[in-house]
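Paired with chain B in one complex and with chain C in the other, chain A is shared by the two complexes that follow.
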Partner chain A sequence: MKFSRLILKNLFRNKLRAGLTVALMASIFFFVATLLSILDNFEQAANAGEGKNRLGVQSAISLADMLPYAHEEKIRRIEGITETSKLQWVGAYYKEQKNFFANFAVDADKMERVWDDYRVPDDQRAAFKQDRQGTIVGPGLAERFGWKIGDRIVLTGTIFPFNPELNVRGIYEHAVDSASLFFQMAYFEQALGDPGQVGMFWVKVADADRMASVSEEIDALFRNSEYPTETFTEKEFQQQFISMIGNIKLLFTTVSLCAIFMIVLLGAITMSMSARERVTEIAVLRAIGYSRGAILGLMLTEFVLLALLGGAAGAFGANVFYRFIDMTKLTQGFLVNFGVSGPTILLCVAAALGVGLLSGGLPATRSANLSVVDGLRKVV
Partner chain B sequence: MTALVTIDNVHKSYQRDEFEIRVLNGLTLEVPAGDFLALMGPSGSGKSTLLNLIAGIDRPTSGRVVVGGKEISTLGESKLASWRARHVGFIFQMYNLIPVLTAYENVELPLLLTRLTRKERRSHVEAALGIVGLGDRMQHYPRQLSGGQEQRVAIARAIVTDPTIIVADEPTGDLDAASAHEILDLLQNLNREFTKTIMMVTHDPRAAERARHVLHLDKGVLIEQVEGLVPGGTSEA
Partner chain C sequence: MSIPLRYNIGSLMSRRTSTFMSILGIGTVIGIMVSMVALYNGVRTAIVSSGSPENLMVLREAALTEGTSWVTKEAYRIIRSLPGLEKQSNGDPVISPELVVIFKLPKKDDPKGSNVNVRGVTPAAFALRPYVRLVEGQMFRPGVNEVVVANRVRNRFANLDIGDTFSFGPREWHVVGVFEANGTSFDSEIWTDADFLGLAQKREAYSSLTLRPVDDVAFKSITDSIKSDNRLKLQVRSEYKYYADQTQGLLGIVILVAFVTVFMVIGATLGAMNTMFSAVAARKRELATMRALGFRRRAILFSLVIEAGAISFLGGVAGVLLALPVNGISTGTTNFQTFSEVAFSFRVSPAVALFGVTLAVIAGIIGGTLPAITAARVPITTALREV
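Let's look at the complex of A and B:
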């Protein structure tokens, strides 16, 4: 503590340089915190159905291929399955193409048993079931478009040749997903003239331990049929969805590491300059009795503090920034419930600590090992 | 009088590329406690090197350096740093104050290495700045002080730990005549009233006149043994 004034005064002796270094580190850690939070967001989305004992059944050929309704009855007969529901990705948008979000047709009477984590008040669910054109929407969507219960909304279809005309009958609550829209499969079938095929079945399994075996049984059942299936857990399904846009995790992690490596180098240059300017002062400190260890400790503390300041400013700054920015709207529904979490802030601060140690290590060691006589000779 | 500093057949040479530069050649000397010794000589004569050896910031190539009964030439780096903190006060030609610290904080620097409490440190710093006549400039930064005042702060920093010996390397070399006069008065006062042992390197004969004894070095050997110092002289050229 008694050295704190010495450290702090040295830290800000060149205010412009210290300010720019902190600003640079803060900007990069803001960027890193954003990338890590996007990955977090994907991970959360992938984990949203964890523990819900749900399996998704899709065509083994591709997600775009449909499965016949007849599959559903055969799947339901497998032991351990308590409920099944059809689900169709509709891919419609609201008013303008940029207003794109997840919208699905589902079996209205089965939804509450298969997707029991989507909580809807009883009266709203009853109203949804009674209205063939009823829809249940997420609170994020309702807020984004100003929808309220009783509103009539018209979506524009992109995949299927019809524009769903829907009545908002309920607003669901969900731990992660706040921006999806569900409407009745019956309305979808009516609009398309009873297609007899659907994109996916979702299956509720009674026992979590049986998920793997049920999954294998479903695929085995249709392996030699004209419409083979591929069954996923919800997490696998989400990950498959995300992987369609490439190996995001590898890309973001690599970019984050490159950014951090860059600030290690920039930090090392700045800190070397700072140490070089103080050669005589360090020699004086050594002369009056400061040991090598003391000099190393003082210099390293100073450099680490600078990096921590930048790291914390960037990570906390990102946390505050994204509280006030509607990322769902900004990313057209791609990122929902986006924010910089506590663990991400901690990770950034820990990375900043590493940056401080790495970039300050060499100049601090060189300063500590400076010959007193040589150091004094620079000026004396 | 008891010898505070004993230099016994000390050699010091530096290696510069393929050349060996011999700076001190078998120098032997004893300095009694309470002395004020001026070291004079042309550039390259070895006077600053001798001062550095006595101050424990350099080591002899061979020979013994004993200060206050302790042979410092054999101490390890860490022990030598602790020894300097306790026993040596430094005064440099260019003052070498830390520019971002106030006069008070500069003087407090050596005390941060001790176990003194904040209150005790304050009392020591105030006393030291009082001795050098800067009790009213404690919160001033070096840039807000004149050269003479900066050097007085440096002297306060040198005496604040009550060291065994004060080493001064050209303490008036960067000052005008009036300021130099004040600094020499101060050093003389520290020697006479506070019985501080002072070793000073200088080129200035007027500064050397203030010392009790003057030694002349040339090419690493003592060329004049001034009365009052215990004889030892040079062993070889």
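Let's look at the complex of A and C:
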């Protein structure tokens, strides 16, 4: 601690260089923090339904195949299931094709029991149930398109040949999902002329321990039927979409590591420069009795501090930046509730520590091992 | 008088280690950027090159993709008899009714599987797309459960070699051949007989019609007659436009690539700036001596900017070289417009390489200017005195 003043003085002896190094590290760590947070965000989305004891039942044949209504009755008879609901992905957009978001038709009277984590005020829920063309929307969606309760909105259908005309009856609250729209299955059926088939059933299981066996039972029930099913937990359901994107985890990790490698290299240049400048000074310190270890410690601390400063600035900067930026709008709904979490900041700061040690290690060792006589003689 | 380039080369060589490290550092960021652009280029090429501007594509009104479209056999017969269609060698019009169904099949590295487009076709599909050719085995026979599989699909999915049988829904399918389609999105598909696929999947309508008019006049008249026929309720656009519109499903990749590019250019700029500040600080006296010898400020400034440009040019070239190994790596992603896999390869095309090097040089020049100005401004006497 007694050297802290010396270290601080040295750190900012060349303000421009220190500033630039910090800026470089900060921008790269901002970048890395963003990539890591995107991975985090996907993970979070996948975990959204955790503890809700919900299972989704889908056609095992493909995403585009549907299941007959008769399945629902059979599923409901399985012990341990408390409620079931149909859910249909509608794939409509609002006004322009780029205004794409998740919209579903759902059994209005069962929604509150299967999706009890979507909280809606009682009066809004009642208004929704009463209006066949009623809809409940997420707060993010309402903000994005300026919808208020009572508004009439018309969506354009793409998968099904009809354009849902809906009245906003409620705005739900949910911990993670803020950008979905639900409307009545009854309206959907009426518009399509009773299709008799649906994309998914969602079931609520009474007991978390029974999830796996219920899932097995459902699939076993239809294994040899013309419409075999595949039952997912909510997490697996979300993950299938994330894994569809491709191996982003590998991509993002590789890119982050390469970017960090770059700052190790460029950091090393700056730090050797700074060490070279002080050859004489260090020789003097050694001459008045500082040990090699002390010099090594002093220099390395300085370099590590510089890197930490950059890393922290980048990661905290990203944290603050994304609070003020509407990422949902910017990415057109791709990233919802995007933010840089504490663990991500910590990880970045730890990586910055590594960068400081790696890039400062060589110059610091060289300075520590400098021959005193040579150092004193040398004119820089 | 300007400072000879030999001076810059000399000073780069005398600081060999740090020059090399700067080049490698800038190279790394440019390499990342080039790889990402190559990724986007690969996916985009795979999708866009599938469509020809001379062909017309017919889908259900409001359908965005073939997967959610249907065109009745009645509509097919009406459109087939329109005048102005090009003829095949056997005299049939070049109009290809196609049925697209999604199969979820297990992948080699993921037993849960992924969605593959299965396209039911007639011989007209091959007349429209002569680049689709069989590379192994034989063509499927009409009316039976035989399929041909794109080479990339065979390599990524389990159990799709010639002679293999896979089950989908209630039926089994035999793989009899492997085809290639010139890097288009058909390289991500399985093809079989349209009528048999319709029978197997209980689909009475086709998904789309693709047709080739004889000339621009016919192109226009066919478009108009389909649009104005109220019975049909179909939309029609050029096949190229259809596939270009599909790239909307790649929005996520576009945002990502733009983000990476911006940050890598910032990184390269700051990197070049850092390097040049160090380089300039190391030779303050040298530069002052040159000023004393009569070189003008502007000459010094210019010379230093050139040096920064040279370092970053080399960095850019190193970046492209570092990115070259990813060229041709094939992988897959999902087009969220169609919800099916697009197999593609990273493509470091000359344009992508040029883009990388150009951005590197721009970053170098921007990054080198400030240190150069600072260096050129220092009063000679101060610099000469400095130890």
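Operating definition for what follows: the second predicted complex is superposed on the first by the 378 of 380 C-alpha atoms of A that agree within 3 Å, B and C clash if a C-alpha of one lies under 4 Å from a C-alpha of the other, contacts with A are read in each partner's own complex, and residues count from 1 in each chain.
Keep in mind that, in the parts below, a residue touches a chain if its C-beta (ideal position, glycine included) is under 8 Å from a C-beta of that chain, and two chains touch if they have at least 3 such contacts.
Since the structure is predicted, the reported quantities are computational estimates derived from the model, not experimental observations.
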{"item": "Room on chain A for both chain B and chain C (clash or fit)", "value": "fit"}
{"item": "Partner chain in contact with A:E281 - chain B first, chain C second, else both or neither", "value": "first"}
{"item": "Partner chain in contact with A:K9 - chain B first, chain C second, else both or neither", "value": "first"}
{"item": "Greater residue coverage of chain A in the superposed arrangement, chain B or chain C", "value": "C"}
{"item": "Touched partner set for A:A64, first chain B, second chain C, both or neither", "value": "second"}
{"item": "First, second, both or neither for A:R323, with chain B first and chain C second", "value": "neither"}
{"item": "Which superposed partner A:R292 touches (first chain B, second chain C, both, neither)", "value": "first"}
{"item": "Touched partner set for A:V372, first chain B, second chain C, both or neither", "value": "first"}
{"item": "Gap in Å between nearest CA atoms once chain C and chain B share a frame through chain A", "value": "9"}
{"item": "Contacts on chain A seen with chain B and repeated with chain C across the two complexes", "value": "379-380"}
{"item": "Complex interface listing, chain B residues touching chain A", "value": "52, 55, 57-58, 77-78, 81-82, 84-86, 88, 90, 92-94, 96, 98-101, 105, 109-110, 112-113, 118, 157, 169-170"}
{"item": "Of all residues in chain C, those that touch chain A in their complex", "value": "18, 21-22, 24-26, 28-29, 31-32, 36, 60-64, 67-68, 101-104, 110, 112, 114-115, 168-170, 248, 251-252, 255, 259-260, 263-264, 266-267, 270-271, 273-275, 277-278, 281-282, 331-334, 336, 339, 341, 387"}
{"item": "In the complex with chain B, residue positions of chain A that touch it", "value": "2-3, 5-6, 9-10, 13, 280-281, 284-294, 372-373, 376, 379-380"}
{"item": "Contacting residues of chain A [partner chain C, same complex]", "value": "14, 16-17, 20-21, 23-24, 27-28, 30-31, 34, 60-65, 91, 97-98, 156-159, 161, 226, 240, 243-247, 255, 258-259, 261-263, 265-266, 268-270, 272-273, 276-277, 330-332, 334, 379-380"}
